[in-house]
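Structures are listed in the sections that come next.
Common to both upcoming complexes is subunit A, partnered first by subunit B, then by subunit C.
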Partner chain A sequence: MAEITTLIQIFIWGLTAGCIYVLMAVGLNMIFGVMKVVNFAHGEIMMLGAFTSFWVYHYTGLNPYFVMFISMLLVGIFGVIIERYGFRKVQGTGKLNEIFLSLGLIYILQNAAVKLWTDDIRKINSPFSSMTLDLGMMNITYDRIIAIVFTALILISLYLFLTRTDVGRALRATSQNHEAAMLMGVNVNHMYMLSFGIGSALAAAAGTVAAILTPFNPYMGTIPGIMAFTVIIIGGLGSIPGAIIAGLMLGLVQNFTIFYFGGAWKEAVAFVLLIIVLIIKPTGLFGEDH
Partner chain B sequence: MKIPKGTILITSLILAAIITAGCTAPTDETEVPDSIKIGLVAPLSGGASDVGNDMKQAAILAVEEINADGGVFVKDYGTKIPLELLEGDTQTSPTEGVTAVERLITSENVVVLVGGFSSGVTLANQVPAAGKVPYIITGASSSQVTRRTEIDTSYFYHYCSTTDDYSQPILQFFVDNLKPLVAADRNLKLALIYRDDAYGKGVIDSSIAYIENNDLPIELVAQEKYPTDETDFHTYLTKIADAKPDAVYTVGFVKDTSSIYIQGQRDVGLNTIYMAVECNEDPAFYELLGEWGNGQLLESKFAPYAADYTAMIKPYKEAYLAKWGVMPGMMGADTYDGIYLAVSAIERAGTLDRTAVNDAIKQTNESEMLILMEGGNIAFDEHNEISPKIFIEQMFWNNETEELRPVIVLPENLKSQDFVLPDSYESGG
Partner chain C sequence: MNAKELVRKYAVSPYSGYLLLVMIGLVLPLVITDDFFNRIIILTFFYIMFSTSWNLLAYSGQASLGHAAFLGIGGFASTILVINGASPVVGVLAGAVTASLVGLFLGIICVRLKEWFLGLVTFGFAIIMAAVINESSIFIEALNGVLATIGLSGNMNPDMLGGSLGIYSPDIVSRGQYYYLFFFAMVGTILASHLLVRSKMGFAFAAIRENQTEAAMMGVDITKYKLIAFMISTFMAGFAGALYAPYNYFINPEMFSVHNSFMPIIMTISGGIGTIGGPVIGALVINLVWEQMGLWGMSIDRLLILGVILVLEVLFLPKGLMPLIKKLVNKVAALTSRDTPL
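On to the complex of A and B.
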């Protein structure tokens, strides 16, 4: 039987891994919730966020956590452009077109990143990388604490934006019923662009956090992208609280699985969890029954 | 009938001209090709593309050096012919690797293949070349690449360490150098953490076999395998820390191994000795590790950061640095040698016929180049394997230059200092 201190350590590792899943999945759900579009290239948007942060950090020397917001802004704008000149053009022409567009984006973005930044392994040096907080039973790096705090702050900001602002309400209205939102004077095309921009900005935040914590290259987004899909299906398509709960749950379940059953089960357990949830509640934990 | 003397003379001259021409110049059938095509099989994209680029850059350097000297003399054509390097990008994927090798063989008609990184990828992509095209494998450590029995391996040459080659010196190093310092009166407690692929399993299997067969005083206290795309090693290392090892033996590539070293010491507090395997002998490894590599170990067979220990190291390092702006890595050094081995075989064969070139590679007996050999000569044994000399390097962080650099602590005849325990070391107890 493992000691309680070891289990607390695993809990902390699971929580920080979950933060990246949460940022990814909430972004993906923003896009799906409003546009009903499945963006398979969300992992590559995350990668783009990491490299944008790396690039800005490299040339300006600014604090990487400040750089993260610049990256969120730039990648958010990039997301708006993708929506406007990509997904908008194929929206309503059939799900297959949307799927192939996003699949094509995976390769385009990966190759573009290799061309721009090469596929060398990169890292972002946080000024806090060598600083740890001694909790007695364990050390936790400041970077991990900041990752958890920033994730919480970003989610709280998103919640306030969606519930306390007119634009946020318009986004939620579009998410619930496009036609009704249009009849109420909401410009749904603007909402599509905004949701894609916010979703991409959240992916950029996830990418930057991941890039500060571990080395990365242009292929870093593949697995987190797949896991983000698992999270939103477990949590319920379109549900942001569902994505948060499922993201944290997946991070914890994966890390405890590694501890008790070994790393070979890490990815398999995500799908075991998915299947169990779908059998019990086919619309996901927080998905609405239709 | 009397034949006029003039006719005899003319006929004799024509015959002599034909015979002489046959000896020194090509006929229409042996038109001199524009180039000799050599296929480079490497992961130029995908997860291991950093290594693939090192291989590519080293191969280009070798080809340019050879072409600067006019190319390769081929007796059949009586002239030197320039080399042409054709890239086969495996995309770090077994299936894409097969496609790349098939294209090099059938569409590009290469004479010889050089490269092959990652055992899992190479075990797949060598299949199209089996029994057809000589393949000098410079970056796949599993001994299965030349010992598998379900395909013809007579055209495959293993120009890199096998998993057996480096498991043995690593484990022996632990017993001879670490155990006396930290576990003199008990077995050394060793933890293994490795990639969940053919390479990782190959190294671990041969290590365990070596410990058991030689009754080494080593107790394996943890064995953790991780998915090849893993970036977060905290839970694996927490589990290992629970087992209280005296040392951690890691089997992974640059990105994963450097993360293990850092996350283990900084986050988990596992302040022990970490040993990495040779594919991490790469500038990126030193760069990523930074001060977290201080006092830690690396097994290698090419140590350009440590010393100019043979005459070829310095000019190679300078030429590579001048051309590519970065220091060379170990996989590139293997590949560089591999190109020269291929060229030597073509020259000795005197033809571009693949079978003859294959026979010539088999009979290689050359002086060692960038990779040092036990005995000093490159020769392939009955398994088409070489006997490379293995180094153990200990890395030290220089506060003034803010660089991590290694020194050789094994073998005896090349070492610049003895292994020392890092200040931060905590014994397994």
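On to the complex of A and C.
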């Protein structure tokens, strides 16, 4: 039996890994809920967020946690553009075309990033990277605590936005029934752009957190992208609470698996979890029938 | 029947396409003796098989985004059998059957689910397979341990999958014969897919793709036909992989890469999704463009260009090149029999 302090340490690591998954998965679910589109290039948008933060940080030297919001804004605008000139054009021509479009985007974004910025491994150096919270028996780096706090703050503001503002209500209405929303005077096309923008901004936040905690290169998005898909399937397609719980769960399960069995099992355990959930409850833990 | 009528009757029939294909295929090695071009042609045949397999699954409305998984499983399973003394024929067929069984397993999980679920699960499956094979020695040792505890002899070689380095895959025919092996395998795959699409089962696939609920109402057993489509398609993919591994001398987790999952998709869409000729034309065009870009020294750029091609096609040419080619064939046929236009 491992020391209790080690277990707490792993718990914190799992929680931060889970936070990245949660930010990714909530963004994917926003887009899916409103547009009924699964964006396979979500991991690449996360990578774009990491690079945006990296370059803004590199040239301005601002605090990376402040830069994160700039990156969220820029990548959010980028997401709106992708929706307007990409996904909007293929809406209604069949689900497969949307899937193929996002596959094409994976190739374009990933390779454009390698072309522009090479595949060297980079890292955003946080000013808190050497500071740790000393709890007597163990140390927790501030960066991990900040990551958890920021994720919570972003999710709370998203919740307030969705429930307390007119635009948020319009978004939720669109996701429930876009025809009825249209009849009530909601501009559905604007809601599509907005949801894609918010989803991309959340991915950018995830990318920045990941880039602060671990080194990255243009291929960083692939695995978190897959894990975000796994999370939304486990949590239930379109369910934001499901994405939060499943995301944290996956992060914790993965990190404890790494500790007890070794790093090789990290991806396999996610897939096993996914298969089990799909067999027992195909709509996911919190999913309704689609 | 005079010559004009013959042309009209057969020029637009798919069988003239087959005849042309077989004739060109048999003559080609006499014309092209250069090793480099020979390799490109064999790769084209390989991609035609692989794309045809993907297209067949898409024909039943199921888009696999991780078809490389089945390619790789076919390749690894057959290579391991051949290394351990199985005859090449048994090895290749067993590789294809293994891929097909894994396909059945994934199909059973996904059959109740919508398009995007299948896409998500297959996409993830291919990447996770690559990760698992990369670290395979750990998993095999663990499996050995499990086998030992339940009383079976767990003495598999932990390095049998070679990890990230891959394994050497022995020749299954002599080097000169690979051309014909791939050629006939390709013709067989296309023909099988053609006959299948024209059969009652093919109609069931199309019905499921167009409208699942209506198909079920008309008495089509959706689960059964979806699984059959999955098994046949993954069998073909595994078969292609089992031939590719020995031709390529070695096989490694790269086989499961997103790129290998992506190629049949872009090829089929370029040619024309849901048609028999589509994957053939698409694989030919895309592979030649791809190799040409390689000759120009592009590496990252050509991946970028592939992505741009796919996005532009989805936006502006969703039916691919096939309709254009059909138009051309019709025009030629009309020209040869000017008096009675088609």
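In this text, the second predicted complex is superposed on the first by the 288 of 290 C-alpha atoms of A that agree within 3 Å, B and C clash if a C-alpha of one lies under 4 Å from a C-alpha of the other, contacts with A are read in each partner's own complex, and residues count from 1 in each chain.
Criterion: contacts are C-beta pairs under 8 Å (C-beta built on N, C-alpha and C of every residue); 3 or more make two chains touch, one makes a residue touch a chain.
Since the model is a prediction, treat every value here as computed from it, not as a measurement.
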item: Touched partner set for A:P215, first subunit B, second subunit C, both or neither; value: first
item: First, second, both or neither for A:I121, with subunit B first and subunit C second; value: first
item: Touched partner set for A:T6, first subunit B, second subunit C, both or neither; value: first
item: Partner chain in contact with A:A17 - subunit B first, subunit C second, else both or neither; value: first
item: Partner chain(s) touched by A:I223 [first = subunit B, second = subunit C, both, neither]; value: both
item: Which superposed partner A:N139 touches (first subunit B, second subunit C, both, neither); value: first
item: Which of subunit B and subunit C A:G262 touches, first, second, both or neither; value: both
item: Contact residues common to both interfaces of subunit A (with subunit B and with subunit C); value: 114, 222-223, 262-264, 266-267
item: Complex contact set, residues of subunit A against subunit C; value: 38, 40, 86, 89-90, 93, 95-97, 99-101, 103-108, 110-112, 114-115, 222-223, 226, 229-230, 233, 237, 261-268, 270-271, 274-275, 278-279, 282, 290
item: Residues of subunit B touching subunit A in the complex; value: 45-47, 49-50, 53, 196, 224-227, 229-232, 234-236, 238-239, 242, 254-255, 258-259, 266-269, 284, 288, 291
item: Residues of subunit A that touch subunit B when the two form their complex; value: 2-3, 6, 9-10, 13-14, 17, 114, 118-121, 123, 129-130, 132, 138-141, 144, 210, 213-217, 219-220, 222-223, 255-256, 258-259, 262-264, 266-267
item: Subunit A-facing residues of subunit C, complex; value: 58, 63, 65, 109-110, 112-117, 119-121, 123-125, 127-128, 131-132, 134-135, 138-139, 142, 258, 262, 265, 269, 273, 300-301, 303-304, 306-311, 314-315, 318
